[in-house]
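Take a look at the structures listed below.
What follows is a pair of complexes built around subunit A, which joins subunit B in one and subunit C in the other.
This part shows the complex of A and B:
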């Protein structure tokens, strides 16, 4: 996994699920994981979208999972803006409880957060940020998986999102 | 005479310079928190013949939320390009294990980013996750490509977690 993940960041992996936007390409995936072998099986993926408008314009994928099953979140965010360095960019990801599928407004991140993280860095053309986090959803309901950018020196920001429905 | 003395001092200064492997061009602060307990680690050097420091150990109960924060800064005077900053939390056979486990399974969290580091440039990261299975885990933040980018070694900081 280490080699695969790092090679992906180096640009040697394929990008089947990536949708190229104006300034960013995002490949966001959620995998099922076999407990015994650790292999990933079924997955759902989403590409880059942008805000405004709130919630973006792309149809958000829905992934139905069972409570308690092992899952993995993975994203790779690529800066496709070709001109110069952008300082102090923030890339954030999270999984949080939502009220409903396709919810346009972001749930507050002060409660119901399953996992979250963020990275602060200087963006240069073609630079990448990625993470891969194992998680389990124990309570039925709807959850939002999202990665988004801040301070990219543009009039809009990019994000990618997937809805999880836990049964 | 004066010229000879100056030349001698220059040669002496060059000969007595710190060994490259001992220099820390990147500083790292790695902090892990679970409940009210915290552990921290700073930059170590990875390279042939370099013995690593003993790692701090954090003991937690299974399913406790674990929060990791790290900062990596170029404290050197030269720009280092195309550095990958790589973090991972992975199951290991025992606490203090010297060999780094393969990341083919047992990985709870992993992240990576690529960046050029001018002097004083830094990057920060935060992640949260839970460890459901009891055992020993290694948390490690490392540079990949710093050696190729003008340094002769890589940097890392590491901690151990024991899940009970």
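This part shows the complex of A and C:
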């Protein structure tokens, strides 16, 4: 059912992407795209949230899509700290089937995964990591698109998420 | 669209430059291969364009001046070009004054989402190594007036969240920061290689303000400082950098790059936790509200004691009323009213500073006194004479226990 095309990019940049006083900024979006022309027709975006509490505190955006239509997810995760190196950070992204929209608990990643990937890196000041992933969802239902961090040496981790409702 | 068939991307060694370069090249090739398409709908830009896009708010800096009780205060303000209100941090420089490093620190702190004011107290700065310590800073009314004015000025700004303000100071400035936090409710206080004090009156004044101490080298005062903070039940954290000299964060002779970076991350995490994420109804916020109310308050500890404890005071009236079983509803209501006033007096006492003795013990005693008064109120509500008498006895015991240390 799944067809995944991935362009992943890991790199350093010298600027920040934040307004809130946090150690991470995330720009996550999912958009429809015409494969022939490469044009986007509609998109939904989400910023950074944090856990705990489980599921975060921000309202998760919902994107209604049709089964089989070509979609793209893109995220850019930026370490906003101007100082210090955080070692062995993991940034993970995935799309997984969920039971319902606004689901607080994370669905298990051992089944129902549409696509997933992860980066392991040392976070230098203001470095960023991102990916653009093309995918289709052929089965109706609810899916969770999520980017999250691990081991950032903070008392909380950041994530960004969007619910997809496939009709 | 620029997409290539790659299922996942994972560097073989965390953060290796080689892995980054390879992936960057893949992305660049894909980006350049994307053909141009005419039409009305917006074309998806190559990923690298988004990745490189500089879409964060610009940092605006300006020299500012504002009034204080001790005259005009100058400073360097850094804020993001956004309409969003943000938490704020006051920076207090060391003996070298408002240097380029201090301004750079203001801009860097601003870049992660704070309004930052670096005050210029150049005219009051002592010579290097001549800082008289936090206790002297607390007694230095002119400097304290200028710093308090800086906090008020920040809190009144429309782009600042008034209940989310912290202070960071270095060396002499660290002493000033500690004194300021003892005099004004703040969400967090960071002291970088300042004089460590165990002055109970000063530390007690911090109330619920969390303190982060960045300590350089083997400071013999550290143990007493920690012990005093623990005794006062102050929320605190100490980051010790044993192998470096004081002033290791300031570029120059004793600068220690790795330790300075580590110290900055500790500061960012601390400010993030206690300033940016400060709960609106948390203890510091309540202390702030209480502190603002206290600025207008006129009742001293002695006034409260007299009003409560003198024979014609509220507690004296209560004792007389409970010498025998109350006759009816009116007497019980009078007992309840007096007991409720005693409970409120306990809350007032908790917000005051003891003339002597530790602040933590004072707070415990005041709360126990208030709780005993609440039990009298409950007993009055239930018309329970024996319970009311018992709770009245507990009130007397609380008074005695408190007087042993604080009278």
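Things to note:
We adopt the following convention: the second predicted complex is superposed on the first by the 146 of 167 C-alpha atoms of A that agree within 3 Å, B and C clash if a C-alpha of one lies under 4 Å from a C-alpha of the other, contacts with A are read in each partner's own complex, and residues count from 1 in each chain.
Here is the rule we use: a contact is a pair of C-beta atoms (placed from the backbone, for glycine too) under 8 Å apart; a residue touches a chain by one contact, two chains touch by 3 or more.
The shown structure was predicted, so the numbers you read here are calculated from the model rather than taken from an experiment.
Shared-chain residue A:104: touches no atom of subunit B or subunit C. Of the two partner chains, both subunit B and subunit C are touched by A:132. Of the two partner chains, both subunit B and subunit C are touched by A:38. In the superposition on chain A, A:88 contacts subunit C only, with no contact to subunit B. In the superposed model, A:64 lies in contact with neither subunit B nor subunit C. Of the two partner chains, subunit C is the only one touched by A:155; subunit B is not.
Partner contacting the larger number of subunit A residues, of subunit B and subunit C: C. Where the contact sets of subunit A with subunit B and with subunit C meet, they give residues 5-6, 9-10, 37-38, 85, 115-122, 124, 128, 130-132, 134. Remark: subunit B residues 84, 86, 88, 102-116, 121, 123-130, 132, 144 touch subunit A in the complex. Those residues of subunit A that touch subunit C in the complex are listed here as 4-13, 15-23, 25, 31, 33-35, 37-41, 72, 74, 76, 80-89, 115-124, 128, 130-132, 134, 153-155. Those residues of subunit C lying in contact with subunit A across their complex are 1-11, 14-15, 19-20, 23-24, 26-27, 30, 34-35, 37, 39, 41-44, 47-48, 50-52, 54-57, 80, 82, 84, 86-87, 108, 111-114, 260-262, 264-265, 268-269, 271-273, 275-276. Subunit A contributes residues 1-3, 5-6, 9-10, 37-38, 85, 113, 115-122, 124, 127-136 to its touches with subunit B in the complex.
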